[in-house]
Amino acid sequence: MSDDRYERGWQRLRELAGEQGERVIEGLRDIAPDLGRYVVEFGYGDVYSRPGLGDRERQLTAIAALTALGGAEPQLEYHIRIALNVGVTQSEIVETVIHCAPFVGFARTLNAARSAKRVFAAAGSRGTD
Amino acid sequence: MSDDRYERGWQRLRELAGEQGERVIEGLRDIAPDLGRYVVEFGYGDVYSRPGLGDRERQLTAIAALTALGGAEPQLEYHIRIALNVGVTQSEIVETVIHCAPFVGFARTLNAARSAKRVFAAAGSRGTD
Amino acid sequence: MSDDRYERGWQRLRELAGEQGERVIEGLRDIAPDLGRYVVEFGYGDVYSRPGLGDRERQLTAIAALTALGGAEPQLEYHIRIALNVGVTQSEIVETVIHCAPFVGFARTLNAARSAKRVFAAAGSRGTD
Amino acid sequence: MSDDRYERGWQRLRELAGEQGERVIEGLRDIAPDLGRYVVEFGYGDVYSRPGLGDRERQLTAIAALTALGGAEPQLEYHIRIALNVGVTQSEIVETVIHCAPFVGFARTLNAARSAKRVFAAAGSRGTD
Amino acid sequence: MSDDRYERGWQRLRELAGEQGERVIEGLRDIAPDLGRYVVEFGYGDVYSRPGLGDRERQLTAIAALTALGGAEPQLEYHIRIALNVGVTQSEIVETVIHCAPFVGFARTLNAARSAKRVFAAAGSRGTD
Amino acid sequence: MSDDRYERGWQRLRELAGEQGERVIEGLRDIAPDLGRYVVEFGYGDVYSRPGLGDRERQLTAIAALTALGGAEPQLEYHIRIALNVGVTQSEIVETVIHCAPFVGFARTLNAARSAKRVFAAAGSRGTD
């Protein structure tokens, strides 16, 4: 009954996250497939398909939200990778993390910086660009 | 010894937040004046004076971080007002709050939407623009 | 395109929350109507329509999650009211809050107990039953 | 002076958690034995010995609270194991995690689903039952 | 069966918090009296009766923990009052709040400073001493 | 322009944290050097250089704040090491963690106790002293 949303979400997820996105949904298949479906439908088919913000802004705000939340390193690193995919530079990602420091403090911010470092290293990158 | 940073921060705070910014610092004067000074110096003199992100992006990510943090309604409403000051539209603010829903859930997001509603109402506005 | 989900969600929301549920969605109409729609569709049309847990269990776990989250008093009180609507007793609600104390500590738990007290008082009740 | 509570708590902990419960307390012996004692006395001797909720409900709400709290994976996995011990099915555990998604978002929920997956895998199970 | 702990806790609570402590327990009487009993027994009879830290240190660390937790203003203000009762100065309370700023950010810290301001004002004080 | 603060902060960081402090700043050099600079300037040059609390009190409150925050194990373990450096005993560190239990619950507290255990073990210690 919600096929359109699923299709649209799946397209959006692939467009943004590529194979790593498929792997997240795949990883939920044997434990909570419906949770994976909701991520696709609600997360990507509904919210990420809205026109009101651009991809860059969606990734910068996702990084800020996950930095502030804490304890969400896998999700943060996943969305840092999406940010790189949609053309956010490493500098802008780091800048977003630094911007969170006055709001949420150094503990959350240092963890986020380490997440960025791990993602950039795996991407064969230098850390600033 | 850090006069430059204070001056720069104070200018930046006034430019972004106007009188409401002065009132926050003023409100700390008799309880924790140095905390007010750090907000000016570190928050505005250091971080908000960095070139790596534009004012719009700084406000969208501030709104996302404070939505995710929760229990920070005064700060969230303050930064929603700054967002309006720097030209972020009401729609973009609401869009940022909606974007947080998949990440941090409806409880935090509904509270943030109410904060936006209060700010927009006080600004004599309609809620969408 | 997601009319079924909206209809199903709206029925479920009315069945569980009655007029207070409609008011929450109504209250979002002029600020973030799509957020209200997602609450109906995803919250009630998808998740609250699933068969795997009974209404009582959904409310006890909602109360536990919102107690643990903190800073979500409006949502907690709303779901305490739903709990009463679906036949959870005041004692069971209080017991769920007490059960959270070892996990999340007295600060979150005392706030939740006060929320329960407010809801029970407004319901013209005694506080234990 | 609180021997009864300790005895009652220890019995309760063994009944619910078996050897893994003993190991948690044992693991605190050389660092903070009194903290282990309080877990036994307050957590199990007081709260888990109360009559107002059944074991199933106590575990479903514990899972919801720890999912919402975040950053509590060891405790969450421990209580998922207790849930299995007291007859909660894998499906009900997953359903509880999914139920938390609208309240606390996908970041916390995906982490909890992974915790469930790890516990079920270690228990030699299939993931749904 | 735990009379000693209750007695000891009640004495400790009165000694530290005076009438405001009694009011908190009293306020729980008609909603969750056992939660009030656990606060007395575990909070004050067990933990606050331990010899390993002095009263001043217990209050400074309580203020830091509640500042970091967020959304716990009633508990924070209660423990700021206890801090004053056991001889912590207003300056030391403010200093503790400021000390938290690098760790947990300005949002949590500004809220805590406002809590301190409210408590000091109600105590007929000036804000620094 | 803020050389004094950096110098003062760097001295303070070395005095408190020794080589591990240098490593944290060093570890940020290739990802977010300015974040490292802010930690030195604001964290150590401003806040840790204030006279209002002693080093022992600053470490006890840092441990309490990071225990309450959760998801901050690297920072917590770092500050437990500083606590040992400035003469806080292992018993006092554990006592501070136990003191947090009534406020923030066993989940956060057990994680903090394990962090303390790891630090004490690496320091070739016994766990109590």
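Letters A, B, C, D, E and F mark the chains as written, and numbering starts fresh at 1 in each.
Keep this in mind: contacts are C-beta pairs under 8 Å (C-beta built on N, C-alpha and C of every residue); 3 or more make two chains touch, one makes a residue touch a chain.
This is a predicted model, so every value here is computed, not measured.
J.: Which chains make contact with chain A and with chain E at once?
T.: Of all the chains present, those in contact with both chain A and chain E are B, C, D, F.
J.: Determine, using the mean of C-alpha atoms as each chain's centre, which chain is farthest from chain E.
T.: A
J.: From the mean C-alpha coordinate of chain B to that of chain E, what's the distance rounded to whole Å?
T.: For chain B versus chain E, the centre distance works out to 30 Å.
J.: Calculate how many whole Å lie between the centre of chain A and the centre of chain B, each centre taken as the average of the chain's C-alpha atoms.
T.: 23
J.: Give, as an integer number of Å, the spacing between the C-alpha centres of chain D and chain B.
T.: 39
J.: Chain F: which residues touch two or more other chains?
T.: As it turns out, chain F has residues touching two or more other chains at 34, 38-39, 42-43, 47, 50, 66, 69-71, 75, 94, 98, 100-104, 106-108.
J.: Using the touch rule from the top, collect the residues of chain A that touch chain F in their complex.
T.: Residues in contact with chain F: 70-71, 94, 97-98, 101, 106-111, 113-114, 116-117, 120, 126-128.
J.: Over in the complex, which chain A residues touch chain B? Could you list them?
T.: 39, 42-43, 47, 50, 52-53, 57-58, 60-69, 75, 91-92, 94-96, 98-104
J.: Residues of chain A touching chain D in their complex?
T.: 24, 27-28, 30-32, 34-35, 38-39, 43, 66, 69-72, 74-75
J.: Can you list the chain E residues touching chain A in their complex?
T.: Within the complex, chain E touches chain A at residues 101-108.
J.: Quick one: in the complex, what on chain F touches chain B?
T.: 1-2, 4-5, 34, 38, 41-42, 46-47, 50
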